[in-house]
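Next up: some structures, all given as structure tokens.
Heads up, the next two complexes both have chain A, just with different partners, chain B and then chain C.
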Partner chain A sequence: MSTATKTDVRHQYALVVDTNKCIGCEACSVACRVENEVPDGHWRSRIVPPTSGGSKVPMKWSCMHCADAPCVQVCPTKATYRRPDGIVVIEAAKCVGCKYCIVACPYGARYFDEKAGLPDKCDLCVDRLDAGLEPACVQTCVGRALALADLAAPNDEAAARIRSGEARPLHPELGTKPSVYYVVGK
Partner chain B sequence: MVWGWQIAWYLFLGGLGAGATLTSLVASRAGSRFGPIERAGAILAGPAVAFGTALLVLDLGMGRREPWRLIYLYSNWQSPMTWGTWILTLFIPIAVLHALSVTGAFAPRWERYVARVRRVCVRAHSALKVAAGVLALSTAIYTGVLLSVPPSFPLLSSWLLPVLFLVSALSTGLSAAVVVGHVKARRQRVELDLHPWSRIHIGLVVVELGVLLAWLAVGSASQAGSDSVQLLVSGALAPVFWVVVVVAGLVGPVLAFVVETATRGQSPRLALAGEAGVLAGGLALRYLVLLAAVPVLVGPAL
Partner chain C sequence: MAITPTRRTLLQVAAAGTAVAALPIGVREVAHPPAASAAEAPGMDKVVTSVCEMCTVRCPILVRVRDGKVVRIEGNPKEKSTQGAICARGNAGISLLEDPDRVRTPLIRVGKRGEGKFRKASWEEAYRYIADRLTVIRGSYGPQALGVGRRPSAGDVFLLTFAKAFGTPNIFSHESSCPLGRNVAMDVTLGTSGVAIDYSKVDYLLSFGRNHMETLAVPQAQGIVAGLARGARLVYLDPRRTPTSTAATTWLQPLPGTDLAFALAMLQVMVAEELYDHDFVTRYTHGFEQLAAAVLEYTPEWAATKTGIPAATIRDVARDFGGARPRAVADFGWFSSSYLNDFQLRRAILALNALVGNLEVPGGLFLVKGLKGYGTELGDWKKPKLPAVTAERVDGAGVPGRFPLVPIKDGLCQALPESVLTGKPYALKAYIAHRFDPLAAIPDQPRMIEALNKLDLLVSVDVYMSDTGAYADVILPECTYLERTDPVMEASGLAPKIRLRQQAVPPQGDARPSWRIYKELAGATGLGDYFAYKDIDEIVAAQLAPLGLTAAELEKSGQWTPPDAKPTYLRKTDPTAPVKLKTPSGKIELFSEELAKLGFEPALRYMAPPEPPKGTFRMIQGKCAVHTNSATQNIPVLHELRPSNELWIHPVPAGRLGIKDGDGVIVRVGKLEQRGVAKVTGDILEGTVFTYHGWGRVSPGLSRVKGKGIGFNALMPVITDPLSGSLVMRETFVEVSKS
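This part shows the complex of A and B:
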């Protein structure tokens, strides 16, 4: 990751998932696996099928990039932190692999990579963002159900859907202030 | 729950070492006839906590492969694990120094190496007692706080968990100190009077039963919490919960200690069986707390 973005507060990223447009094709999951070389048996991003829980539509599920992230609070080494642009990342060089972040995440968005000895999760493809590209899942999404929002940009369409309340976070009652927003029903 | 047996043993041994230290401090106030218990508690504490901490380190990913990374563990003051790292870092050496201050030359071969340190420890005995006591309490409470801070597992996210772990730590530490103290005294052909300890232990175990029930009751308030409680009391974990934690670890020992107290120390074997039950129950409790942790959002589903 470039240090330029680390201190860049001109962006405030969020993800908008329009479930009306999602057909549950898992293209985002596959693009994510390829882009981030996710080991077998784990996922950074997945589609939760509509039959599970109370959901009636397929839901893209990944790190919620919470503003009050439990993983950031409990990480003893400060390897996990939230960048000024809103993305929660893991600084691998500082991580001891204690798994406390995995225990702490109420969204179950993290996994432990035994081979690397480190936890991992969605980082909104920071390397791509820093290179001016969209996250792999957003770029791949067949139905254009996914959009990267920039809450710091006044004319950002996806951000407008968040501001208007059309897109809402999942389980706000957990109090972690997630940055992934869902449009459900029309 | 991504934490497994290493963490369960660590939580158990950390609590046991803390409880053993506190037992040693109580024994030291109760007079010289409890010398064997005072010494046993003090000697047990350092190695128990150090061994538990070693398991914790073995469970790490990169921290085990590149141990110099462990220095980062001291940095996040918001993280209970950073608090724990500081507490353990201080408690282990203080527990060893405290042991040196209350024991005689128990290993003559090593004595010439430790003689000078021991003299300093004996002089600093009172200060070491205070430090060991504060750090032991911190350790016992911290093991519960570690699990209770995150919001991810409702049964665990309860202030009653640190209370439960504290009482269980006192109980398991007392058991370990009594068993080891008894064995050591036996070897010196001294018959220890165990029934005052059994009487204290009745109180501890009754309180632990109460806290356990309260913790389960409070935990049942949420869906995931109630699923966790179901797992424990009637689900897959129920056999271990009822047989090892409740019967062997709490109810059985209370009965054994009551008989032991009633016969005024005529049934030391019964008391020792009770202590063994407490230790098994304490370990099983740590395992079950991890195994019964049902996430707040069941699976990754909505």
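This part shows the complex of A and C:
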């Protein structure tokens, strides 16, 4: 995988979750938790398990990195913004901890870190990306169900699954244009 | 070795020119926690190649260390069978390492047994305490009055050496509470339990309740998922919806305990319709005629009345399975301490594999190709000849007329209370439990407590104060797998392979590795000659010497295969190639004269599981993906993922009993009861209830998990399969009521 930086517009990142390959083991949840030093009681990413009355497949659930992100729109200090490469991030120095973003997120992807006084969420492991590494969840995935897609790369296999419509966003009707795409159905 | 930078040291590494040249130094998009940038302090990263120990699978890992602290654990990407993946437990190793609940200093009991009241002691005092009592016990009752139990592991050689040097035959593993039935069935049928499945190349995998996606072995799950992605089929039998039923192409819900009927009916169809490999059966099996005769009566129509699965479905599965030969595999499973018919079930499954001729071809079963077959072996440290042990074992393992087929390295771990409380054949007076928790693992908890209370000496060697530990006289704190180097372990598959678990960080507190604990305990007991090594490095060097390999070479990659050893399927190119099996006939024994000679049923035969008395439920248990047996429920991060278990009950009986989702429930067996919370769900059959195993813990040292959830083991009586010695843990029926 190639590298990226803050100002790099050569990349357009998205995450593809192949639910056919996800076994719901939560390896990604814990890898994320340890990698990002997420405080006790909080998770940036979890698995919603299938049940007879609910989802038929396990669903990885984390920040959707929306193109029209409500969290970005409501942030009074512009602490939350979307990088040119598609990753929605929080700049701690600008954040006042008002929690508007937590309320605004229709996917419930944010939590409030009481100790730091800041909201937090998945940032696709930007530090790892910037170092040329895959996000921790992708790296550890037991079923190899997760793939980082680069929509700006012509030959990216995961991006092709998005372009072809095989991988689709969750709740597109919310109109936020999410960047996490799910492959559902065999 | 590849250096994997941590997020906290990216800048350093980048500056050193290793990873990326164009990093914008000093720019951080997400300053979380805010102090993180200040923590870009000096201190070099190191990456230690090692082996996980969060479960028994032992996946290869990379441990990232900074300033003497483990900051991340990842799978070793060089291992093809895991591709850098590790499971939730493997990722949570750091949470075990840093858990404040860990025992970090030797403890000597001051309160009553089970109270969990201990005082800190020096190692010298703890050793002296144990050695003095062992000496008295040996003098009064003989060395055989000591029993030792352990989870088999790379480091258990030290406990075993101590026990053998002491002179006791009473060595136990936890196997009789888990895979022993399967292992004995494999020994009888194939002459070895060193057989594995070539998961990623299987075209048709049939699983009798082997819940691959949840009772997780990463290489297995990954191989199966890859197979499914290229169009392989997975047919899965389980009364409960699990992650494996979700992944499967076909999920069937048989009545618990009737899988054997399903397997026998498949055999009947395959024989009747000649859906088997004639050449293979002739060349490599023994007793096909008896098998054909034995399964004649087991038609799909008959099996439908037992399993609740339509005859047409059973027939379809048999035809598809037979038609997919030789890349069809019936998984022989793992946990097989369920029913009295478990041994027969495993034999029937092995027969299914024999009929499709899948032995030693890609996508089939293969014999593990170890170092020995390659003409070499790991060395050992020099020690005097171990004393001959003459006393008979308390559990009858390996003894004619008792449990002749049970390997003496395993024995019957459930024999402890019987021996202690009845004195038959004689009483164990001392017990050392090493990373093994009989109180949590073995049924009939009240009787086990009575036995533990009656012991003259109980020692627990563990990272936690386990349930058994709370009853111990002495707890010796073993350090975690991240804090110690273990002896080299074999991890062979289609080719020989060894792996090294390496110390990544110094032991916390006063915790010590087992190579040191038993060396020092032996010294205090007058058995020091058997442990005449300096340290683990000397042991590793002695092990590697015959291979012409140095520790430094192995440390780099963490694993090693002889350079000219290739993955080998004996029958890949020549389907008639010889395959040596260590059975009496040298072939796969579909009928076993050996069993007949020992007084057991030599042919395949149906044994019906008992029917639940009116008003009771069949009770089944399973494992979840984020916990290992009863070992991990207290680890902070894993505890947070799944802090307790619930009683799964179907809406129909729940409605009848007035139980709503989330209600408190009482689960009763006779006078014993456990309390928990109901999960009312259509994901389980009506007459069956389910819980995850590992809860209902009693140790005050397990601060998070103590008192949470339902411990079904506590309610069960000890039932032992007279053939395999395995515990039988699904033939107990429970009453359920709202609390």
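In this section, the second predicted complex is superposed on the first by the 179 of 186 C-alpha atoms of A that agree within 3 Å, B and C clash if a C-alpha of one lies under 4 Å from a C-alpha of the other, contacts with A are read in each partner's own complex, and residues count from 1 in each chain.
One rule holds for everything that comes next: contacts are C-beta pairs under 8 Å (C-beta built on N, C-alpha and C of every residue); 3 or more make two chains touch, one makes a residue touch a chain.
What you are looking at is a predicted structure, and each value in this text was computed from that prediction instead of being measured.
Participant: Quick one: on chain A, after the overlay, do chain B and chain C clash, or do they fit? Just give me the call.
Facilitator: Aligned through their shared chain, the two binders fit side by side on chain A.
Participant: Should A:Ile162 be classified as contacting the first partner (chain B), the second (chain C), both, or neither?
Facilitator: neither
Participant: Between chain B and chain C, which makes contact with more of the residues in chain A?
Facilitator: C
Participant: After the superposition on A, what does A:Arg33 contact: first (chain B), second (chain C), both or neither?
Facilitator: Only chain C; A:Arg33 stays clear of chain B.
Participant: A:Lys21 in the overlay: touching chain B, chain C, both, or neither? Say first, second, both or neither.
Facilitator: Second partner only, chain C.
Participant: So, A:Gly143: does it touch chain B (first), chain C (second), both, or neither?
Facilitator: Only chain C; A:Gly143 stays clear of chain B.
Participant: Let me test your reading of the model: by the given contact rule, A:Tyr100 touches which partner, first (chain B), second (chain C), both or neither?
Facilitator: Only chain B; A:Tyr100 stays clear of chain C.
Participant: Considering only the touch criterion stated at the top, classify A:Ala131 as touching first (chain B), second (chain C), both, or neither.
Facilitator: second
Participant: Taking the superposition on A as described, I'd like to know which of chain B and chain C A:Pro58 touches: first, second, both or neither.
Facilitator: A:Pro58 sits against chain C, while chain B stays out of touch.
Participant: Please indicate which partner A:Ala116 is in contact with in the superposed arrangement: first for chain B, second for chain C, both, or neither.
Facilitator: Touch partners of A:Ala116: chain B and chain C.
Participant: Could you tell me if A:Gly175 is touching chain B, chain C, both of them or neither one (first, second, both, neither)?
Facilitator: first
Participant: Give me the angle at the C-alpha centre of chain A between the C-alpha centres of chain B and chain C, rounded to the nearest 10 degrees.
Facilitator: The vertex angle at chain A equals 120 degrees.
Participant: Which value, in Å, gives the least CA distance between chain B and chain C in the superposed three-chain arrangement?
Facilitator: Between chain B and chain C, the shortest C-alpha distance works out to 10 Å.
Participant: Can you list the residues of chain A that touch chain B in one structure and chain C in the other?
Facilitator: 52-53, 92, 113, 116, 118.
Participant: Looking at the complex, which residues from chain C come into contact with chain A?
Facilitator: Residues 4-5, 7, 10, 13-14, 19-20, 22-24, 27-34, 36, 72-75, 83-92, 94-95, 213-214, 216, 218, 221-222, 225-226, 228-229, 241, 243, 246-247, 249, 625-626, 636-638, 640-641, 681-683.
Participant: Across the complex, what residues on chain A touch chain B?
Facilitator: The touching residues are 46, 48, 52-55, 59, 61, 70, 73-79, 92, 94-100, 102-108, 112-114, 116-119, 170-171, 174-176.
Participant: Give every residue of chain B touching chain A within the complex, in rising order.
Facilitator: Per the touch definition, chain B meets chain A at residues 1-3, 59-65, 69-70, 72-76, 78-82, 85, 146-147, 149-153, 295-302.
Participant: Hey, which residues of chain A end up touching chain C in the complex?
Facilitator: Within the complex, chain A contacts chain C at residues 3, 5-7, 20-21, 23-27, 29-31, 33-37, 40-41, 49-53, 56-58, 83, 87, 89-93, 113, 115-116, 118, 120, 123, 125-128, 130-133, 136, 139-145, 186.
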